[in-house]
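In the two assemblies presented below, chain A is common to both, partnered first by chain B and then by chain C.
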Partner chain A sequence: MSRFRPFLLVLPAIILLLFTGLLPFFYAIFYAFSNFILTSKKGIEFVGLQNFQKFVDDPEFITSLSRGVCFSSLSVLIELSLGIGIAFMLSREFKGRNFFKILLCLPLSIPPIIVGAIWRLMVYPGIGPLPYILGLLGLKYDITTDGLQALVTVVLVNVWHWIPFDALIILAGLSGIQREVIESSAVDGATTLQQLRHILMPLIKYELLLVMLIRFMDSLKIFDEVWMMTGGGPGSATRFLSISLYTLILKGWDVGYGAAISLIFLYLMEVLTWILYKVISLYGGGAS
Partner chain B sequence: MKLKKLLTRILFYSIIVFISLSIIFPIYWLIATSIKAKLDIFTYPPKFLFFTFENNYYRPFILEGYTKLLINSIIVSIGNVILVAPIAFIAAYALSRYKIYGGGTIYFWALTNRMAPPAAFIIPYYLIFTGLGLYDTQLSLIIVYSVFNLPFAIWLLKAGVDSIPRAIDDAAIVDGCSIGTLIVKIMLPLSFPSLAATSIMVFFYSWNEYLLASILTSYNARTITTGLTAFISTVGIRWGEMAAVGTVCLIPTTIVVIILQKYIVSGLTMGAVKG
Partner chain C sequence: MSEPKKVGRRTFLNYATAVVATGVIVGAATYLATPKGGVTTVTVPGGTTTVTAPGATVTTTKTVTGTTTPTTTTIKDWLKEVSKPYKGVTVKAIAESTPPSGWIQETLVPEFEELTGIKVEIERLGWDDVLKKEMLDGEQKQGTYDLYYIDEIEVMALFFDKNFIIDILDFASAHSGIYYPDFDLPDLIPVKYFTYNGKVAGIPFELFFRLYAYRKDLFNDPAEKSNFKAKYGIELKPPQTWAEYEKIAEFFTRPDKNLYGHIEMPSSMSLPSDVDNFLLTYGITASGISVGRKASVENGGELNSPAALLWFKRYIDWMKFAPPGVQTFTWDNLASEFLAGHVTQGLIFGDQLATVIDPSVSQVAGKVDVSLPPIEPKYMRFYCPSVFGDMGMFALSSQSKNKEAAFLFLQWIACKENAAREMEALGTLCTRASLLFSPLAEQVDAKYKWNYFKVLKQCYMQGLNSGPFEAMPELLTFRDILWKELTRAIAGEIKPEEALNNAARGIDEKSKELGW
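Right, the complex of A and B next:
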């Protein structure tokens, strides 16, 4: 009995995960090799690798994937640099620090789809304050027609939403550093910037790497915010992989092709997850 | 020297104020739009402060049945916590205390599920749940959300259990405590902070989820997040009502964050970062 006890304790979790995680995976593999279309009366026919061939030939998905990589890299870059700054500010004592910390948590508490709604209200031409303010400065700002502006806006919204996450994790890393280390470097005449660059950054390497990976992956699979704000438009300027997949499925219920793309998407995230896992087990230690 | 100090101080606080404003203003704008008259929503330049009031909450919540969507969201979110928390807790306990064959892979699997793109699950879930006759039920969402929540919950809870000294287990077992009593009577109260944090995170995720809910429900089990996109149509956007529903949707999560801010921070960092 006692030999099987640990296994029995994890059994419910395994069953639930098999059903919700592994079963859909097998479904996706099964249908990826078929030309099944849900809305048509035709039965399932197996077509081998045809769906994957279609993916390679279809510029739509390759473009939305590279667009997503650009979006994610840019988001992470801005988030990290600002996140480090905010975390650094929060690591010192100042009046109103606790209040500021609570305030910082606010964007995190908002459902992503609402973040999309909020920013749609902020930037939509004709009603939003942002086009108005930028208009006063002489800038023409219209995310419904200008693709580049739409893309930049979506990046900034992503940054706005997730910066607290970056800042709080980096802050956790900073607060693990002993005060003496910082103080002794100050005595030795290091400036704040030098401290940040040469003493603090190496010490929080793990937190930085972790935040970078998690945020890159989360940005790569972003859907809600962008869907609510731009719906992928204008044109296809903000159509990332999740949105392409979603519209493909809802447009024609091409289960075969959709499943193939789902598998490719999953595989890509799996590779990134593996890297994340390696990072956590190498540096984090305690987590695994 | 004193002047320089004063200047850095002013700079420091103006950055703080700037960040605070850029966080608060968009949220204020949502709430303001939700009580703004239709005409004032469209005036240009936008009316920031003194606008005519109008109750945009009335139509969606009283006339158009958004209350039902709200109740669905509550049922799904709490249902998922009830499903996930106990299963995750005993699994986390086992993973923390025993060397389980494949324990490492379970963790990797957990991470994979957490990081997997929901969009890739649309087709399989749709086919599975229509096949089971669970399409458009709250139960389907309660089950589906555990694919992301359960691994995450195990991850968070394991860190909580890890921090409880093993000597407590040994002492309890020497005193003749069964494993069930040990988990329920001793481990559960001791890991209450991490359990609370985990439950909140799980609730959040279910409450926030849009993509899968929009695929797996159509009328009966529709959640509040999916109701939001209904205001955007080819004819036009009903901004006021959209803002009203959005405001209601973010109230519970915001209140929880403000009250339990300490747990949220530890919840976010506990899994992979030892705070």
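Right, the complex of A and C next:
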């Protein structure tokens, strides 16, 4: 009996995992090979790889995906640059440091849907203060008509929302570095920039890798903020794969094709993160 | 091993002829025996209504048994009596958050609960969320809701095809004891909007007509009138054509005064509705999609026709006359911009006008009037109705465990007495012919100082209101293709003709995939 006790103890968790994780996954696989469209009078038929084949020729989804990759790359790049700076700043002693830390964490505590709603009110033409202030400076800012402005805005909102996460992880890495290492480099005449480039960055490369991976995957899946702010518009400027997928399944009711794209999305994300991991590992001196 | 039996040529031909003849006879018999929707004459206690579906060849008659003699018992007394077995039951409904559903929740639900002891919970949400919840609930056969809200014929058709809802007449027939003798179903004027293949989907409590609404205070202002005439050489009055409308839109676009001459709702959610409603005034029905579910001109549709292109070019161009942020506008913005006094004219839904005339929320209460929508004479066809009309109703979920109690609630909200109260309270809603053509309509018009019901009567009498067209469940899937392409043209990513061609082609391909 004692042999089975550990298994019995984890059994509820395994059952829960099966129902919440694996069952929907297998369900998606089943639908991905079918022509299941809720508005169709036809029953569910097995269509083989037809849905996957369709994806390759579908400009809507290919463009959405590449747009999402651009968005994620840009977001991660800005987030990391600023995150390192903020973490580096917070690693030093200064007056009001704890207060600043609390302030920094505030965006993290706001749910994404609320972030989208708040920023929509901030940037919406005719209502938001941002277009008004920029208008006073002679700058035309309208995310409902200008695709580039809309894209840049959602990138910046994403950065604003998640930069505390990046900063805190990097700060944790910095805290683990022995003070003597930095002090001795200072004695040897290293500048702050040199310390950062040659001592701190290599020592926190695993934290950087972790942040990059998590944030890249998260950004690729972004939905709530963008849906609330722009609805994927104007035109297709901020229509990322998650938004196209959402409307395909919950507006067009094309479940079969939607499930196939979900699987492709999952697979591509795994591949992308694997590539990213490998590249950073090589750059960081074989972290893997 | 025995030799295979040989069949001679003559014998083979005899067998073949017999098989073909049998096939033809069986096929013809099956075809004739299958109900095609067609014309269904429905006899209910208190009246008869005829339900017509396109392509009709067969006539069916449905009779709801029970007393046909109108009673003198009021609905309140009747309800008190018949609801006794259902006391303590909870009826769950889901509905779009519209003024009528709000009024029902605030006024009729508490009264019903007090009368019957039946509890009613209405979950009011945005249209998009309502549809999503209903689809998922129906598909999973969860039975979360006893009553589904339906406001489009294509949704109704889909729900019937999927067996999400039941024929309310069949239900009434089987439960004549709880069918109010004075309910008078045929009197419900949008009856044609809630029937599909001879089946009646539910009981309507709201009616959507999209009329042309304008600021009469500005239109009647002598200074505005003379300035307009001096500039354009024509009188300032509700336009008959879209060319006249454009002049008025331009004239009243004054961003410095936060006043605009036009409004539309190009958001992804509401754009398909605009496509459908506006194209009617260009002589195109059902968003340019043919009964054979094809949208391109080459396949018999009209979505990429010259008329549709003219509309779409204007639709994009006229955003310069609309309030800022128009690209993201939905139904809600349409009403809120109008009642805030930012818009001079536009096509507005009847239920939204209920808020526009409400002085507690509207800046323009008493300053608005309605007229028939303008048309495009170059493309308008004599048989094409120019006014979009549809209904909002509650249908009985096939998975409901409280159908009887829910059915009683339906009769309560749509009975003559309460329909009259709803009409008076909201000023723009009338679901019964006996009320529309009664002095009450004139009284309500006089109360709000406009001609809403007068125009509505004109629509009915002249056959200007749209539908019933072929109910296409597939339209919900086609819409996803439609808005994705059209919004790209609105944002200037592609040309309008390219967007319409892409959408038409996409819909044709999807239609083929769906088996059409």
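Everything that follows uses one rule, which is that the second predicted complex is superposed on the first by the 269 of 288 C-alpha atoms of A that agree within 3 Å, B and C clash if a C-alpha of one lies under 4 Å from a C-alpha of the other, contacts with A are read in each partner's own complex, and residues count from 1 in each chain.
We adopt the following convention: a contact is a pair of C-beta atoms (placed from the backbone, for glycine too) under 8 Å apart; a residue touches a chain by one contact, two chains touch by 3 or more.
Predicted model, so just to flag it, every value in this text is computed and none were measured.
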Is A:Ile280 touching the first partner chain B, the second partner chain C, both, or neither of them?
first
Using the superposition on chain A described above, determine whether A:Ser34 touches chain B (first), chain C (second), both, or neither.
neither
Of the two partner chains, chain B (first) and chain C (second), which one does A:Ser219 touch, if any: first, second, both, or neither?
neither
Given the superposition on chain A, which partner contacts more residues in chain A: chain B or chain C?
B
Let me test your reading of the model: by the given contact rule, A:Ser75 touches which partner, first (chain B), second (chain C), both or neither?
neither
Just to be sure I read the superposition right, which of the two partners does A:Pro24 touch: chain B = first, chain C = second, or both, or neither?
first
Looking at the overlay, does A:Met228 come into contact with chain B only (first), chain C only (second), both, or neither?
first
Who does A:Gln149 touch here: chain B (first), chain C (second), both, or neither?
neither
Taking the superposition on A as described, I'd like to know which of chain B and chain C A:Gly252 touches: first, second, both or neither.
second
Applying the document's definition of touch, where does A:Thr238 land relative to chain B and chain C: first, second, both, or neither?
neither
Return the residues of chain A at which the contacts from chain B and from chain C coincide.
124, 126-127, 231
Mind pulling up the chain B residues that touch chain A in the complex?
12-13, 15-16, 19-20, 22-24, 26-27, 29-30, 33, 41-42, 44-46, 48, 83, 87-88, 90-91, 93-95, 97-98, 100, 104, 106-109, 111-113, 115-125, 127-128, 143-144, 146-147, 150-151, 154-155, 159, 162, 179, 204, 207-208, 210-211, 225, 228-229, 232, 237, 239, 242-243, 246, 249-250, 253-254, 256-258, 261, 264-265, 268-269, 271-275
Under the touch definition given earlier, write down the residues of chain A that touch chain C in their complex.
35, 37-42, 60, 124-127, 142, 144-145, 147, 230-237, 239, 244, 247-248, 250-254
Across the complex, what residues on chain C touch chain A?
128, 132, 135, 139, 158, 161-162, 267-269, 323-328, 473-477, 479-481, 484, 487-493, 513-515
Within the complex, chain B is touched by chain A residues 5-7, 9-10, 12-14, 16-17, 19-21, 23-25, 27-28, 31, 86, 89, 94, 96, 100-114, 117-122, 124, 126-129, 132, 160, 165, 168-169, 172-173, 175-176, 206-207, 210, 214, 217, 220-221, 223-224, 227-228, 231, 241-242, 245-246, 249, 255, 258-259, 261-263, 265-266, 269-270, 272-274, 276-277, 280, 284, 286-288
